[in-house]
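For reference, chains read A, B, C, D, E and F in written order, and residue numbers begin at 1 within each chain.
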Amino acid sequence: MLYHDKKLQYPVKVESPDPVYARMLQQAIGGIEGEIRVCMQYFFQAWGARGPTTKYRDMLLNTATEEMGHIEMLATAVALNLENAPTKLQEAGVADTVVGAVMGGENPRHVVEGMLHRHLLSTGMAALPANCEGVPFDMSHIYASGNLAADMYCNVAAETTGRVLAVRLSNATNDPGMKDMWSFLIARDVMHQQQWLAVIEEMGGNETTLPIPNSFPQTEERTEFSYAFFATGVDGSPPPEGRFTSGPSLDGKGTFSVFQNRPMGEEPVLGPARPDSGAQSEQMA
Amino acid sequence: MLYHDKKLQYPVKVESPDPVYARMLQQAIGGIEGEIRVCMQYFFQAWGARGPTTKYRDMLLNTATEEMGHIEMLATAVALNLENAPTKLQEAGVADTVVGAVMGGENPRHVVEGMLHRHLLSTGMAALPANCEGVPFDMSHIYASGNLAADMYCNVAAETTGRVLAVRLSNATNDPGMKDMWSFLIARDVMHQQQWLAVIEEMGGNETTLPIPNSFPQTEERTEFSYAFFATGVDGSPPPEGRFTSGPSLDGKGTFSVFQNRPMGEEPVLGPARPDSGAQSEQMA
Amino acid sequence: MLYHDKKLQYPVKVESPDPVYARMLQQAIGGIEGEIRVCMQYFFQAWGARGPTTKYRDMLLNTATEEMGHIEMLATAVALNLENAPTKLQEAGVADTVVGAVMGGENPRHVVEGMLHRHLLSTGMAALPANCEGVPFDMSHIYASGNLAADMYCNVAAETTGRVLAVRLSNATNDPGMKDMWSFLIARDVMHQQQWLAVIEEMGGNETTLPIPNSFPQTEERTEFSYAFFATGVDGSPPPEGRFTSGPSLDGKGTFSVFQNRPMGEEPVLGPARPDSGAQSEQMA
Amino acid sequence: MLYHDKKLQYPVKVESPDPVYARMLQQAIGGIEGEIRVCMQYFFQAWGARGPTTKYRDMLLNTATEEMGHIEMLATAVALNLENAPTKLQEAGVADTVVGAVMGGENPRHVVEGMLHRHLLSTGMAALPANCEGVPFDMSHIYASGNLAADMYCNVAAETTGRVLAVRLSNATNDPGMKDMWSFLIARDVMHQQQWLAVIEEMGGNETTLPIPNSFPQTEERTEFSYAFFATGVDGSPPPEGRFTSGPSLDGKGTFSVFQNRPMGEEPVLGPARPDSGAQSEQMA
Amino acid sequence: MLYHDKKLQYPVKVESPDPVYARMLQQAIGGIEGEIRVCMQYFFQAWGARGPTTKYRDMLLNTATEEMGHIEMLATAVALNLENAPTKLQEAGVADTVVGAVMGGENPRHVVEGMLHRHLLSTGMAALPANCEGVPFDMSHIYASGNLAADMYCNVAAETTGRVLAVRLSNATNDPGMKDMWSFLIARDVMHQQQWLAVIEEMGGNETTLPIPNSFPQTEERTEFSYAFFATGVDGSPPPEGRFTSGPSLDGKGTFSVFQNRPMGEEPVLGPARPDSGAQSEQMA
Amino acid sequence: MLYHDKKLQYPVKVESPDPVYARMLQQAIGGIEGEIRVCMQYFFQAWGARGPTTKYRDMLLNTATEEMGHIEMLATAVALNLENAPTKLQEAGVADTVVGAVMGGENPRHVVEGMLHRHLLSTGMAALPANCEGVPFDMSHIYASGNLAADMYCNVAAETTGRVLAVRLSNATNDPGMKDMWSFLIARDVMHQQQWLAVIEEMGGNETTLPIPNSFPQTEERTEFSYAFFATGVDGSPPPEGRFTSGPSLDGKGTFSVFQNRPMGEEPVLGPARPDSGAQSEQMA
C-alpha cells in the first residue's frame, strides 16, 4: 500500500509558460516511452513476482513508487506551461490585419491556437494521460511476463527509450526550470537503466540467463538453427558481417553462422470450406 | 522490396486438429509477444535507420523478412487446427440428456463451442491478426526510437517475451507436428536474442553504449542521482541489497549507492481557473 | 425503431467558415464528452432496462433519439466550417517570400494547412466520428450498468462534462451562427443534467438510493469503514476538513470520521513458478 | 510523491484457488468500473486542480493513494487464485475416455483450460492491467475536466458502477477469504460515493452548483429549452410522466415542461466537392 | 433529426434463452461486420455528402435510420437470451461430486459460467456495444471518404461481410424465434448489397466510375503499370492466370498484362542522425 | 516465406524536404486507407483461403508481397521529408522580435515546430506505423471473412479509398520526386481495383455471386423484404427514386420496390432484475 506527500520529489519551475512545450511534455506522461508506462509496469511485475525470494518484488515496489512521483512532476509541468494558454480563438485586430494582408487572409496565430485547444476542451488546462498527439495511454504496454530475466530486459527497453525521449525534450527547451527538471529525470533514467542490467548480472549474466527462459531444455529445440543468422537476400547475397555472423555465441553454448533462407516446408493446402460456414458455394468443393 | 515463395519456411503439420489450441496460437500471431510485432518492428527500424552505415538497416531487413515467414507458419497452424471445429451449436441428443441430467440442464460442450465461435464468425476458420482473446494487434507496439542501442534492447525484450510465450505454447500441446514447429521457432528465438545482444557488444558493450543515449553530455545531468537507488519505504527501511545498491556502476562511470527518497520540491500551486474556461465560478477566485 | 426527418432539429448556420473551428467541433462529436457518447449510452441503457416498469426505457429512448439529432447538427457544422479549407499546400509566391524572409524560410501558413489536412485526406471535408485530435470514438465509453441509479449518475457525469465542453466551444468562437447553435445545445444540456438528477430524486434521493446498489445488505460489509475518510499522508497529517470528515453521512446511515491509513494485511508471498511455466529456473525453487 | 509499505491495506486470503474467479476479478482491476480507473482519475484531477484552495487537491491525493492499494489487493487476489491453474492442456486418460464417450469425443475440461490460458501465456499466472475479457485498460476513461463539480459527478459515476461490480463479484464467490476482502472494498465504495456527493453539498448543492458549469451566463442560452423534456415519439405520444416533466426544476431556476420535438432548422445543403478533392467528377458540379 | 417508436421493426422472440448464443449475437452488434458499423457509416456518409444533388444524402438517411432499428432488435435478442444466465458460480453439490469425480475435481459448468460473466459484471444481463469477445466497437471503422463511388464499395463490403456473419449466426441456432429474426435480417442484407451496387450502376458502372476517383487525370499516372499484374514469385514463376492477367481491363481503358516485379529504385540512404536528436553518438557521423 | 531486395520497387526522391508533408504521408502508411492495411489484409486472406483451388491464395500472395514494398517506399519518403525538420524549439532572435511584435508576442513558427515534434520525440525523424494524426494502426481493419466474394469487395473498398487518398496526397504537393512516386502508386491502385473486380467477374458476376454468401438458401429468408427499399421518412414521404427503387434486381432474382417502414414487432418487455444481480432493489419487482 502507499502513502503520499503533498510535496514534489524534485522542484518543478517554469519561467516562461509555453503551451507548445506542454503538449510535447505529454509524450513523457502518456507516451509509450513515458512515466505511466514504467510506473505501472514495475508495479504489475512486483505484484506478480514469483520466486526465488521476495527481493525483486520489493526492489520493484521501490522504483514503481518513485516513478509515480515522476508522473506527478510532469503533470505539474504541463499545468504550469499552460497557465497562459489561449482560451478563445484570437479576435481580429490591427496585428491580424497586417499579417493577414501578407498571408492572404488567414491568421496563423488563430490556427495554432486551435491546435492547442485540446487541453482546454478536455481538461481546462491540465495534463492528460495521453501522448503528445492526444492518443490515450493503453495498458497493453505494461510488460510483465512472469519471467524475471525477460522482464528485466523489458525494463531496460523502457528506460532506454525513456531516456532518449527525455534527452529530446530537454534539448527542445531553453526554459531554466524545465532544463533543471530534466537534469534530474535524465539522471534517474541512467540509474534505472543500470539497475535492471545489474539484476541480469546478478543472475549470472549472459551465460546463465540466456537463452531466456533458461528453464526449457535446449535438447528440445532444433539447435542447428539456434545460432545461425538467416539471410533472406533474393540474390543469395550474404548478410553484413558482424559479431552475430561468426564466432562464439554470447551464452557460450554455440557458434554463430550464416544460413541462406529457403523453404523447408511445402505449400500449405487447407481443406475446403464447410457447407454451413458462410463461404461461397464454389469454395465448398 | 520483397519476393515470395509459396512454400513455408519450415513444415507445419497438425496430427490432431484442436480448435482450443488454435485459439492459444493466436497469441503468437497477434499478441504483444508475437510475430507481427517483431516483423513490423524490425522493418520500421530498418526503414528509419540513420548512420553510421547501412549495415544495420540491411541486417534488420534480413530478420524482418524471416519473421514474415513465421507469421505465415503460425497462421497456417491456426487454420489447420480449426479444420474440424464446430460450425453450429450442438443439437440436443442422447449424450446431452445424460450429461444434462447430471449437470442440471446445461450442456458444457454446447457452451464451449460457443466460446470458440469467433474464428467461425469472423474468418470462417482461419487466423486473425489478434491475440488469444481476440484483441486486435495495435501498431503502437512497434518500438523504433531512432536510437540504435535503445532499439536493440527493445528487440531483446521482444525476443525474450517471445520465447517465453513459445515455450509456454510448446509445453501446452502434445501434438507431434506442433511440437516440431515449436522446436524450430524456439531455436530461432534463441538466435534472435543473441543477435541483438551481439550488436550491443559490437558497439562496445556497457561501457561504451551506456547510458543510452550516449550523445547527451552527462555534465548536464544531476549525476549525484545517476547511480543512486531510491528507497521509498514508508518507515525508512532500506531496500534489498544487490548488485544495484553498492559497487561500481556497469558503465564504469559511477558507484552505486542508496538514497532515502524525500521531497526536494514544494507543494505545487496552480493559478486559478480563468473566467472563460468552463470551470465552476468558485475556482476562478 | 426510428424515423427520420431531412430537416435539422435546430438551425446550423456558419457565417465565416473556419477549418480550425471545425476541428475543435469534432470534440463534441467524437470526444468522450461528446454527442455520440450520450446518444449511444442512452440507447443501450434503454435496450437493457429491467424493472420496475418500462417507464425509464421509454424516457431514455426519447432522449437518445434527440441526441442523434445533435450529432447531425454538429456534423453539419463541421462540414460547413470546412467549405473553404485548403486542398493543397500553399504554393510559393510573393507573400511567402516576404514572410519567409522574416521567419527564415518556412511558411507557417503552409504548415498549418498541413495540420488541417486530416479532414481532406480521410473525408473530403466532412465530419469524422473522432475527437478533435483524430482519435476515433471507442464504444467502451458507453456506460450501461444495469443498475438504474448508477446509470443516472453516469448520465449526469456525461451531461456535466458535455456542457463544460459546449461552454468552452461557445467561448472559443465569435461566429453568430455558431453562437446561436450553442445557445440551444447548452440549454439542452441544462435539461439533461436536470432530468437524470430528477430520476434520482424520484427514486427517493440520497437516503433511499444510497449506497448504490441498494440491494446488497450492508450487514455484509465492514461498516466501520463505510463512512471513514482514509488519510494517507506519510507524516500522519490529517486530511483537509470538510463535509466528508465529520457529521452525518448523506444517506443518514452513518457518521463521517477520519481513519489514518495503515496496513491491516501482511506482505503477500506467492508460490514459486512451476516447472513448465516459462519462468527462469531460479524462480522455480 | 509517494511512499510504499510492503504490507497490504487489508488481508487477502484465498482458501480455494479458482482460476475462473481470477479471471472475473480482472474486471475490478482493468475494467472501466475498476480500480486503475479511479486511482488514476483521482490523481489526474488532483494534479490539475485549480482554485479556490488546495483543499480538493489534497483530498483527491488521499483517496487516489488509497486506491493504489486496492489495485494491489486485487492483483494479489488474482495471483493467489491462479496458484493451481493448469499449465498444459490435459492429457488424455481414463477420465477423459469416460466423459469423451458421453460427449462425443471432445473433453470440455481441455477446452476450458484453453480458455484460461491467457494468464499463463502472457503473465505466468499473475494479474494483467486488463478487464475480464483481456481488453487492456485504456486511459481515455480518466475523466478530469477541470470543472470541480463535473469531476465530482464523474467520481460518483465511477464509484457507483464500481460498487455494483464489487457486489456482483462478491455474490459470485463462496470463498471466505474473497468474501472478506469484498466486505472491506464494498464498504470503501460506500464512503467514496458519499465523499464526492458531500463535496457537491459543501459547494452548495443543486441550487448553487447547477447548471454545471455555473460560470456560463444563462442569459446566453435559449432558456425556453433549458427545462423542457423533448418528446420524440413518432405519433406525438407524450413521454412518461415524472419528476422531470412538470414542477420546479432542481436548481430552482425554471419549471419542467414537455416539448414535442420537431425540426426548427432546414435540410442542410453542402457545397459541391472541389476539383482537387479526390471526389468523383459528378460531385463537383 | 429522428423520431422513435417503442415497438420493434420486426418481432424478436426467444423460445429457449441461451447465454452462449447471446454472446455470439454480440458480434452482430459491435463486431466490425455488425449493425453499429453500418448504421453510423451511412449516417456519416449522409451528413458529409457533397454534390451533385441531395438524393444520395436522403437515400443514405433512410437506410441509416433503418439500421438503428436493427441494433435495437439485436440488443433485445441479447437481453432475452440472457434471461436465465447464471449470476453466481455454481455451488458444489451432488451433481458436481459425480462429474468432479470423473474429471479430477474441477467442474466444467462452473468454468463456463465464469466465462459468461462479462454480461453480468458490466451490464447486469444486457447487450454491450462490443463484439463477441468483448472488444468495444471502435469508430475508426466508419468509412466515409467523401468520394461517392468509393463509399458505395465500402458499403457493399460492409453488407457482404454482414450477411456472411448473419448466415453463420442463423446456422448456429435452432431456436425458432432467432431463426425467424434472421430470416428477416438476412433478407435486408440482400437488399442493402443490391442498393449500393445499384448506385454504382446508376452512376455508369465500371466504365464511367473506374478508376475511382475518376476526377484524377490518368495522364498523370504511369499508365504502363495501371493494368499490369505484378508477380513477386522468387523464382520468376508466373502468377496464376485469370481474368486479371490478360484481356481488356474492366474500364475499357487498357489491357491486362503480367509484370515480373523487380526494383526500379535504389537502396535508400538516409542522412546521419543530428547531434541533438537523441541517437547514439556513432549514428551522427 | 519471403525474400528481400535492398533496393526499392520504384524510385523515391525528395527535392525539397517538407516535414509537414512527411506527416501527411503517414496517412498512406498507417491510415485505414493506407498500405499496411492492404498488405496485411491480402496476406491474411491468402493464409486462410479455402477452396476451390490454391489459385486465389497464390494471387493474393503476389499482391500482398508487392504492397510490402509500397510501405517501404512511403516510409522512405517520410524519412527523406524529415531530413531538415527542426530538433529544438526556435530560439528567440531578430526575426522573432519582428514577427512577435506584429502578432502580439507568440511566434507561430515556434508553435508549428512543436506540432511536428512527434516524429522527433518517438522516432528520431522516421516513419511510424500510425496515421497522419499519430493514431497507431489497429489490425481490426484487416478484413478476411473466409468468403471469397465478400473479401474481394473488401479489397475493392480498400483500393478505392486508397486511391482517393493517394490522389489527395499527390494534389497536395509540388515536389517533383513526390509527384513521380505518386504517378506510380496511383497507377498500381488502378490495377488493384481492377483485379479484385475481375475476380468477381471471373466468378460469374452479379448473377452468380449475389447475394453474398451464395451458399445460404434464399428459401430461408423472408424474400418479400429482399428487394425492397425501406423508407423511414417521418411523414411517409417517398425515398428518392433510383435504380434501387424499381426495376429488376441486379442478381436477376427479384424486383425492386419501396416499403414504408413501420413496426412489425411489439414493445419489448424484459424480465425484472434478479436479486443478486447488483441492480437497485426497485428493479427486482
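Just so it is clear, a residue touches a chain if its C-beta (ideal position, glycine included) is under 8 Å from a C-beta of that chain, and two chains touch if they have at least 3 such contacts.
All values reported here derive from a predicted model rather than from experimental measurement.
Novice: Just to be sure I understand: going only through chains that touch, what's the smallest number of steps from chain B to chain E?
Specialist: 1
Novice: Among A-B, D-E or E-F, which pair gives essentially the same interface as B-E, with more than half of the residue-number contact pairs in common?
Specialist: Going through A-B, D-E or E-F one by one, only D-E repeats the B-E interface.
Novice: How many degrees of rotation carry the C-alpha atoms of chain C onto those of chain F, rounded to the nearest 5?
Specialist: Copies differ by a rotation of 120 degrees.
Novice: In angstrom, rounded to a whole number, how far apart do the mean CA points of chain B and chain C lie?
Specialist: Distance between chain centres: 31 Å.
Novice: Nearest whole angstrom, what separates the Cα centre of chain A from the Cα centre of chain D?
Specialist: Taking the average C-alpha coordinate of chain A and of chain D, the gap between them is 26 Å.
Novice: With chain centres defined as C-alpha means, what is the inter-centre distance between chain C and chain D in Å?
Specialist: 12
Novice: Provide the list of chain A residues touching at least two other chains, using ranges where the numbers run on.
Specialist: 1-9, 32-33, 48, 50, 54, 58, 61-62, 65-66, 69, 76, 79, 87-88, 108, 111-112, 115, 120, 122, 124-126, 133-136, 138, 140, 145-147, 149, 164-165, 167-168, 171, 212-213, 215-216, 232-234, 261, 263, 267, 270-271, 273, 276-279
Novice: Based on which chains are in contact, what kind of graph results: line, ring, star, complete or other?
Specialist: Here the contact pattern is complete, since every chain touches every other one.
Novice: Where on chain D does chain C make contact in their complex?
Specialist: Going through chain D, the ones touching chain C are 3, 5-12, 32-33, 55-56, 58-59, 61-63, 65-66, 69, 73, 76, 79-80, 83, 87-88, 120, 124-126, 135, 138, 140-141, 143, 145-147, 149-150, 153-154, 156-157, 160-161, 163-164, 167, 170, 179, 183-184, 186-191, 193-195, 197-199, 201-202, 206, 210-213, 215-216, 218, 220-234, 239-240, 242-244, 249-251, 256, 261, 263-268, 270-271, 273-274, 276-279.
Novice: Give the list of chain A residues in touch with chain E in this complex.
Specialist: Residues 164-165, 167-168, 171, 234, 276-278.
Novice: Within their complex, state which residues of chain E touch chain D.
Specialist: Residues 1-6, 48-52, 54, 87-89, 91, 102-104, 106, 108, 110-115, 117-118, 120-122, 124, 133-136, 145-149, 203, 209, 212-216.
Novice: For the complex, which residues does chain F have touching chain B?
Specialist: 1-9, 30, 36, 40, 43-44, 47-48, 50, 54, 58, 61-62, 64-66, 68-69, 71-72, 75-76, 79, 122-130, 136-140, 142, 144-147
Novice: Inside the complex, what are the residues of chain C that reach chain A?
Specialist: It comes out as residues 18, 20-21, 23-24, 27, 31-33, 95, 98-99, 108-109, 112, 115-116, 131-135, 164-165, 168-169, 171-174, 232-235, 261, 263, 267, 269-273, 275, 277-285.
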